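Common to both upcoming complexes is chain A, partnered first by chain B, then by chain C.
Right after this comes the complex of A and B.
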């Protein structure tokens, strides 16, 4: 009886998933395995994927770096937040959330305005009298791999902080006290108690940063160079300009598989069931 | 930036549509799908063409949406699922859409202002029998460069876009046909070539250029050139005048000895149109000499109507960069023709290889 009821209640969403997740996935698969001209079955698209491997590796590398940087920046912030008073917590939480109220596209464009050769930073440096060639920037900021990674870190940092914060909040302070009573010094308390207990948050955060970063196209398009092409750029272009949805679908499929493999590996780091995350 | 604005605008129109539902609006809506920055919308004392039209025909509402290249427009139209009443593609794309049966023949009785179109722009390759199109503008593709940074001695031809001295300050077309045309002019090939080997050579040339290119652009060109973030770009002469208004350091160069593209953009009605009559009224309205003149004053592209010129700013009409000598145009300008489907596919694929940074090769 209870089982029937829960099925009834979850029914709408299960239907939704079927209609808007599973069926589209099948469509993607269908496109990936058919020829763009004739519409007949072919493995051609799959074979061609090899050419795009450098872009795949680049995407994975950049987003992994971005995820690690997010963790390094985000963990202390989340830890600090979790140990603030309730009012301060609410305030900090709002500060983390606030940028997300603004369009992602606008925020990225704002970075272009800050970093570009004629942008805020370079204009300021020139005004301050730093030496530079006429028309050239004082420092090359935009259109570098660093700029792309910066864009990813900036845009996805909240996805790291928020899960970390909620996990660290729930750590029972009595465990920390117990460890201290039993003779752990501060560093040991952290490495033996706090860090293992916040592992689920770390893994969720890593995944939440990595997955959107690896498939991004807008950030690399605006902040990257013509050499830092990410896989998201290529997929977007295949659909929008290239009139080749079939190759685009094949690329998306491979990206999906790689994302699953990568998140699988990230989860492995967590060891046992304690740290596992469901994507 | 413009994309964002466009996005916001389309959101607004969407909201407008919703509001329209409740307020009961019995006007006919026509969807006009045009290039970005390609109609006068009432900036700084210029004519607001769409508002004028809606004033003249109070029972018609214009829903105006933009695209950034012929290819983007084509992909959207070919995928279907949308209703568009008027599009304004370029010559070669019109030819392709005619071939593929994507355009409706026009009823010229509803477009009496067609009489003002100059003889030189009638019955051209893309529509020899004058069945599907009404010319909107014409123009040339040349190089826009910033005289503050670019050495005049380097401005010798299309090679300027390959000059290593200006690495990272060069922009390039983000559409296959215009990008290939430049290399075809450089290598001395026909710009309508169907020879795969020649196209391969062109793609290799473009690939050689990629490390020097700051960005592949379409509408973004305005901001980048005006703010001097980039110094050299190939683009359409009409848009150069718009940019030069903002930044007087910009200059235009037409590589006459190597050849350049002389194009016509024309208004058509796609087969998905549901309001052909209203669409024809709109086309007719845009051809009215005073409207065409007022519109081109802002757009700065060439008008195919001599009658419109008297309504225009004489400074634009007399600018030889916007209106070069017709004899020179006929001798040196090259027109696009529609390519066979196989060739446009190949070109698109090769261009994707360039853009995606993979090894240039002919697909089997």
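Right after this comes the complex of A and C.
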């Protein structure tokens, strides 16, 4: 009776998820292993992956840098939030959530407006009298790796702050007091008590920044140049402009495997902790 | 130390909100570009209401996200009940299936679904247009479901199951005991899941971009098309209005919650 009931209730869901998550991945594999024109089995797409490896490494490098920056600047914010009064906490939490609800396309576009050669920063600098060649910007900000990483940090910072905040909130203050009583100074309390206890939040935050950042195509498209092209851009082009869905499928497959490996490594740092916090 | 943290926090919030400020200022500018503020005008707002295309797109987005999150909430809650009573090993397998859309990059989810729909549509059903409103809805339900499940499951694990047994002993049928007891216990999880699913759906660009056809387009996808071509300043006006709307909604929700907390505290005393 019990068995029948549980299968009756979960069966449709299991079928749905098989049909729309697992089978689609098999279809990706099928496309990756067939030829664009003839539709016959081929390993060509897989062999061609080698030429895209630089873009893969660049994506991983940029998004790891972005994730680390998010951690370094997000931690003090989360820590400060967790130690505010209840009303201030709710309000600050809302302020972190709010950008996540607004179109990330437009917010990225606003950064283009701020950073571009005729943009807000350069116009300001010219008005302040900084020397520049006519027709040239004072400083070159847009279309640099820095701009792409800035875009990633900006867009995914809330995904770092929120899990950190919820973990720091749960740290028992008595542990901090005990450490102080036993003679730890502020720095030692942080490194011996607070930091180890916030590890699950750090890992979740790193993963939640890294995964969307490594696969992004809009940020690098708008803020980057041809030299900062990321794997997401290449995949998007294969599907939307290049009409080579099969090559795109092979690239997506590799991206999926890489993300799987990288998040595995990130979570390894946490030892045998479960490491997943739902925000 | 606290002063340093406060300073960093203020700077980060400035960093988070500067681009939005730029967009809001641009919505009142009569200049064509974000960067040049020429004169103050309400023209952009009038444009949003005069030509109804943007409102229509917003309507499309709302339609898909309300439909998808409602379906996912009901479907996911029912499924959670089933998953909860599965054998541990089976439950673990189903939960890792649930985690696939959460851990996969959006672009991979979008592409895999779009390839599936095209494959089934063109090779098996011989249709010319295999990406429609329905495929978009299926995709949204699929990535919404994990949010509901991952929020409802912990509540099911936390709740006191002797309550359900008591209800059954007192003559409730399983269905009745669900509506009388279980649903009240897991309600906070259902609500959080539904809200998360709705916001994810409303704001989703990447998955929709790959799965959407030509006949049904959502607002984020059309904004993307605009940013590729000539940008239309009326979009900034739309952004500003949505920003204010969401801001007010969030403040109201927070105030209501604070009041509720206060009342609960007073009731306890």
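The rule we apply is simple: the second predicted complex is superposed on the first by the 258 of 279 C-alpha atoms of A that agree within 3 Å, B and C clash if a C-alpha of one lies under 4 Å from a C-alpha of the other, contacts with A are read in each partner's own complex, and residues count from 1 in each chain.
The working rule: contacts are C-beta pairs under 8 Å (C-beta built on N, C-alpha and C of every residue); 3 or more make two chains touch, one makes a residue touch a chain.
Note that the structure is a prediction, hence the values are computed from the model and not measured.
Participant: I'd like to know which partner A:109 touches here: chain B for first, chain C for second, both or neither.
Facilitator: Both partners, chain B and chain C.
Participant: For A:118, select first, second, both or neither according to whether it touches chain B, chain C, the two together, or no partner.
Facilitator: After superposing on A, A:118 lies in contact with both chain B and chain C.
Participant: Looking at A:242, would you say it contacts chain B, chain C, both, or neither? Reply first, second, both or neither.
Facilitator: Touch status of A:242: first partner only.
Participant: Give one of first, second, both or neither to describe whether A:52 is in contact with chain B, with chain C, with both, or with none.
Facilitator: first
Participant: Between chain B and chain C, whom does A:146 touch in the aligned arrangement: first, second, both, or neither?
Facilitator: It touches nothing on chain B or chain C.
Participant: By the touch definition at the top of the document, which applies to A:80: first (chain B), second (chain C), both, or neither?
Facilitator: In the superposition, A:80 contacts chain C only.
Participant: Counting only touches as set out at the top, which of chain B and chain C does A:196 meet: first, second, both, neither?
Facilitator: Neither partner.
Participant: Chain A residues in contact: does chain B have more, or chain C?
Facilitator: Partner touching more chain A residues in the overlay: C.
Participant: Check the residue A:157 against both partner chains and state whether it touches chain B (first), chain C (second), both, or neither.
Facilitator: The answer is second: A:157 touches chain C but not chain B.
Participant: After overlaying the two complexes on chain A, where does the chain B footprint on chain A coincide with the chain C footprint?
Facilitator: Correct list for chain A: 103, 105-106, 109, 116, 118, 239.
Participant: State the interface residues of chain C toward chain A in the complex, per the touch definition above.
Facilitator: Touching chain A from chain C are residues 1-2, 4-6, 8-9, 12-13, 15-20, 22-23, 26, 33-35, 75-76, 78-79, 81-86, 94, 97-98, 100-101, 103-109, 111-116, 118-119, 138-139, 141-142, 145, 150-151, 154, 174, 199, 202-203, 205, 210, 219-220, 223-224, 227, 231, 235-236, 239, 242-243, 246-247, 250-251, 254, 257-258, 261.
Participant: Under the stated contact criterion, what part of chain B meets chain A in this complex?
Facilitator: 1, 3-4, 7, 69, 71-72, 74-75, 78, 148-149, 168-169, 174-176, 210-211, 213-216, 227-229, 231, 345, 348-349, 352, 355-359
Participant: Please give the residue numbers of chain A that touch chain C in the complex, ascending.
Facilitator: Interface residues on the chain A side: 2, 5-14, 16-18, 20-25, 27-28, 30-31, 73-74, 76-77, 79-81, 83, 86-87, 90-92, 94-114, 116, 118-120, 123, 154, 157-158, 186, 211-212, 214-215, 217-218, 222, 232, 235-236, 239, 245, 248-249, 252, 255-256, 259-260, 263, 278.
Participant: In the complex of these two chains, what residues of chain A are touching chain B?
Facilitator: Touching chain B: residues 37, 51-52, 54-55, 103, 105-106, 109, 116-118, 134-135, 143, 225-227, 229, 233-234, 237-244 of chain A.
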